[in-house]
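Look for chain A in each of the two complexes below; its partner is chain B in the first and chain C in the second.
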Partner chain A sequence: MSAGVELIKVSKRFGNNTIVDGIDLDAAAGEFIVLVGASGCGKSTTLRMIAGLEAVSEGRILIGGRDVTVVRPDQRDIAMVFQNYALYPHMSVAENMSFALTLTRTPKDEIARRVGEAARILGIENLLDRKPKALSGGQRQRVAMGRAIVREPSVFLFDEPLSNLDAKLRAQMRVELALLHRRLGKTTIYVTHDQVEAMTLAERIVILDRGVIQQTGTPTEVFNRPRNLFVAGFIGSPAMNLFRGTLAASDTVELPGAGARIRLPQAVNAAAGKPVMLGIRPQGLLLGGADAPLRMQVKVAEFLGTETVLNGVLKGSGEALTASVSGEHGGLAEHEIDLSINPAHVHVFDADTGLNLIGTQSKRDST
Partner chain B sequence: MTIDSRSNTRTAWFFVLPAVIIMFVACLYPVLSAVRLGFYDWSMGTPWAQAKWSGWDSFEIVFTDPAMWRSLWTTLEFAAISVSAEMFLGIALALALEGHIRGMAFFRTLFILPMMVAPIAVGLTWRYLFDAQFGLVNAVLAVFDIAAKGWLADETLAFAAIIVSDIWQWTPFVFIMVIAGLAGVDSTVLEAARIDGARWWTITRRVKLPMIAHVLAITLVMRLIDAFRVLEVIYVLTFGGPGDSTEVLSMHIYKTAFIGQKLGAASAISVLLLVVVMFLTWLALLMSNPLADGENGQ
Partner chain C sequence: MNERSLLAVRYLALTALAILCVGPILVMILTSFKTQAQTFTTGLTFFFVPTLENYRDVIFDSSFGRYLVNSLIVGIVATLLTLLLGCMAAYGLARFSFAGRRAVAYATLMLRTVPLAVIAVPVFMIWSDWRLTNSLGGLILLYVAVNLPFTIWLLYGFVLQVPVELEEAAAIDGCRPWKVFLRIILPLIRPGLAAAAIFTFRIAWNEFILALVLTDRSTRTLPVAASLFVTDIGVEWGKLMALASLIALPPLVFTFLAARQVISGLTAGAVKG
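Take a look at the complex of A and B:
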């Protein structure tokens, strides 16, 4: 059975340092939630508080409607997969997976059934007699997941489980994790600093910065409607271009340095003359076009196969500019090019508060 | 073998040879000399050229000497009791003091102090503590109305006294080794065990201690070797007496060599001691060998 997880005004302080600052989170039963943010943003601490490995300084944590704020980790009906796998090095794979069950005096045939089933799901039946030392990184990660699965918990907690794997294996494990979640249907709270993992795995992403939730929403929402400058800069690869400008009219931003006027996809509710930050996704910049408002001095062209990432500066202002164009344009380094803009990829932020002036409330739960 | 691999082998030897020479001179040569001496009849103060080849005579005398077998048994008893107690107390202390508690650094330092004291000083200190007339031990017993005992005059009590002094001096060694081992245990593994439902005792017994098994094995080996070689404290405390109740092998070797002036026989006993220690070391390493491609590493 799956259970929802609810965090109510949860804070964590170490002395005078506030690591997590009054966060609210409501994960529905069976939902896949990804906590994402830079190092030190409080995402792992939040996960550890849910697991019961860190005491909560303030607030409450509910799992399946039951207040578990001060309940021991093993009584919370959760299982956790750690970044470094945290396997018992002196035990075989089978012993690692069955350790929790032996502690609860589960009958031997039941342990064998559950371990066998988890091993079959993860494709590690042939590894059951091996010690962790004799396994590759990917195999260890599967064992760590197997150890979580055999407990049949209501909630799975993952703390950056793929960050020790190489890029190819990481991509493979991402797919396997998504399939596993679909198969088991358990509530999953997953911590990562990798936005690709967050975007590909999450049903909802929670973006944290300095212990505060910056935005909660589906991958589409946080990408298309970033709530503020932090989310805009954090989500999306390459990162969103940000230029200093002034609101010339409710639907136009002027970039004084570049001498350009950019039409917004919709009018904003702010007075003309307001200092703003104009955000344009690299994917929203198009080569040429009849009415190309931006001129870019390309310094480096990174050919990535199907796309080429052009890195350079905005002519006039000298602000950093990145454009993602079709792979055939790999030879544009040291060139000057004109760029037009796809309005769907344009955002405008209040220069003082950092909030997106176009608005983010496209869905009920996006905060 | 290709030219490249021959060159690599030569380079390897070039780097390793100084260590091999030092090891041979410092470790192997004295051992081989002791073995050779076992086959000669030689007295100290006489030139080595006058030493007479005695073949296996010394070994025969030694192995048929009941005093030597009593001494070996005393040594085994001493090593078994003292090392077991040191391992138990050292592990218990390390587990109790491994946490991050205020003032713990002070206690850790305090606990390792006995190890830093010279064994002769330890022997003298305990000799005064166990003194029948003026010793602190009897003074404390008097507080509880327990009659004074002749600690170093009674065979059983003297044996207990040398064990107590050894435990006092060498438990800190086990403590410091275990606490270093525990510091290296991956904390996330312990957290995983907590989530799995293990309590303190289960985590200690089934996770922590097995994870530092190689540290425990090497500590056990080092303590066993030391316990079999113990001399100074017993020399000062009891000089092997009363009777031969505390005459461990090292003491027996000393008496045979320097009182009995039988250097060949003393060397033969040394060889026996070496064989016993090597056998026990092999047994301990069989349980968990830190030098092998261990299975305990992650």
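Take a look at the complex of A and C:
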């Protein structure tokens, strides 16, 4: 069984500080939602309110259509995996996994069946008698997931579950998490500060900044149509290039420092002369080309195997510039090069409000 | 000074310290096997015909059983009560925020620095007033009161080491606050409980001055009973030392058992994941 999760205008205040500010979220049953944002933006607080570990200051929380705003954590039909795993140190792996079931007086053979099955799914059958301290980080991670699975909840909550693992193990566990979700089909709300994790795992991403949702959408949507400057800068790696400019015509931005005029992929509904921020993904920059409007002073060239990331500045304005070009171009360090632009990767934002001027998607996303 | 002589000095100092500690105990045990006459004729030598007469006299004395039971009741009940109140108070101090929490935490530790002898007179007056003298309950109350501050302080540190996430995980797993305390906190602070138990039991078992003041013929504890061998006509050294040796045994055994809990807890890498 899986159940949707709905947050209606949920806020959280600690004293006078509003940490979470009027969040609306509607996760369909079985959906994998990732809450992403910088450290301290209120992700954990939001998740803890859904879990019932933190009281809600304002708003309502529904799980499976039932209002659980003031319901105790164990009555919400959720399971949570903590960042530090929070395994009970005095219990064996099997006891850790079965603790919730023993509390509800589940029959012994039923407990054994569920623990056995979860252990098999996670490949930890040979660890059941061990104590948590005798496990590696990755094994603890699996046990923590096993403890959640055994309860057969309607909703899984994860708070940065992979952040204590090394890079290689993290990538591996990410894949396993995706497979696990496909297999169990449970609604999952997953918190992370890592946008790569968010992009790879999420069916829908919720981007938070200072307790306010900046955008909700599929990974493709938030990457291709960032609603504002924050999302544009947060999603995508390397981060999007942003240059100060003015709107010369409804479909052209002028970069005064660099003396360049850049064509937009489509006309925007704003008056000429308006101050804007022009955004270009590093992947949208190409070496050379017939019409190459940007001149870059390359400082460092990082060869990553299939592409080279060039770091430097835009000649004329001195603004930071990053280009990700395919192939081996390590030799370009400390050179000046011309770059042409793939219009699909060009965005333009209102310099005052930060909103995407092309964004027609804002209406769809705000539903 | 070179390293060798430095080492020699260290060993010398340690040996002196060991003699100071073990010496009196040795004298006590040796004397307990001597007749009154031997006590003064044989000096500190090991060469004498040992006698079990002192032990027989002490153990088969008509009152020994009662005093032993008194001591056991006082020691065990005081220890259990101290641990029970101490772990709950420590948990409250560590986990709940309330006005004056810091003040309580510091006052708790400062109370511990007051010597027992200093409070003997006021305690006697108050206990008399409240009709708590000459009862085991009165003595137990006193020992709980004097041991609680240290116990709270000790357990407070242990509770602080338990990550809050463990309690939250337990809450999600279906534990109400009391169950979290019983199933998660208590097992994890077990080394602290054992250390506090050693400490409390030894004070309650050995304490003399206040026990002397607060007990009568029927509520005496063993240390007070031992003092009865010091009489107007002289000291019955053999019996005194025999009883003293017997009194020293239970704390030794108890400490040994409880210390294993402490050590296994410490080597288990405690609580942190």
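General remarks:
To be clear about the criterion, the second predicted complex is superposed on the first by the 359 of 367 C-alpha atoms of A that agree within 3 Å, B and C clash if a C-alpha of one lies under 4 Å from a C-alpha of the other, contacts with A are read in each partner's own complex, and residues count from 1 in each chain.
Here is the rule we go by: contacts are C-beta pairs under 8 Å (C-beta built on N, C-alpha and C of every residue); 3 or more make two chains touch, one makes a residue touch a chain.
What you see is a predicted model, and the numbers here were worked out from it, not measured in a lab.
The superposition on chain A brings chain B into a clash with chain C.
Of the two partner chains, neither chain B nor chain C is touched by A:Thr353. By the document's definition of touching, neither partner reaches A:Thr220: not chain B, not chain C. With both structures placed on the common chain, the touch criterion links A:Gln266 to neither chain B nor chain C.
Of the two partner chains, neither chain B nor chain C is touched by A:Ser136. Once chain A of one complex is fitted onto chain A of the other, the partner contacts of A:Leu53 extend to both chain B and chain C. When the two complexes are laid over each other on chain A, chain A has residues 51-53, 72-74, 78-80, 82, 84, 86-90, 99-100, 103-104, 132-133, 147, 151 in contact with both chain B and chain C. Those residues of chain B that touch chain A in the complex are listed here as 186, 188-189, 191-198, 202, 206-207, 210-211, 213, 294-298. Remark: chain C residues 163, 165-166, 168-175, 179, 184, 187-188, 268-273 touch chain A in the complex. Taken together, the chain A residues at the contact with chain B in this complex read 51-53, 72-74, 78-80, 82-84, 86-90, 99-100, 103-104, 131-133, 147, 151. Remark: chain A residues 51-53, 72-74, 78-80, 82, 84-90, 99-100, 103-104, 132-133, 140, 147, 151 touch chain C in the complex.
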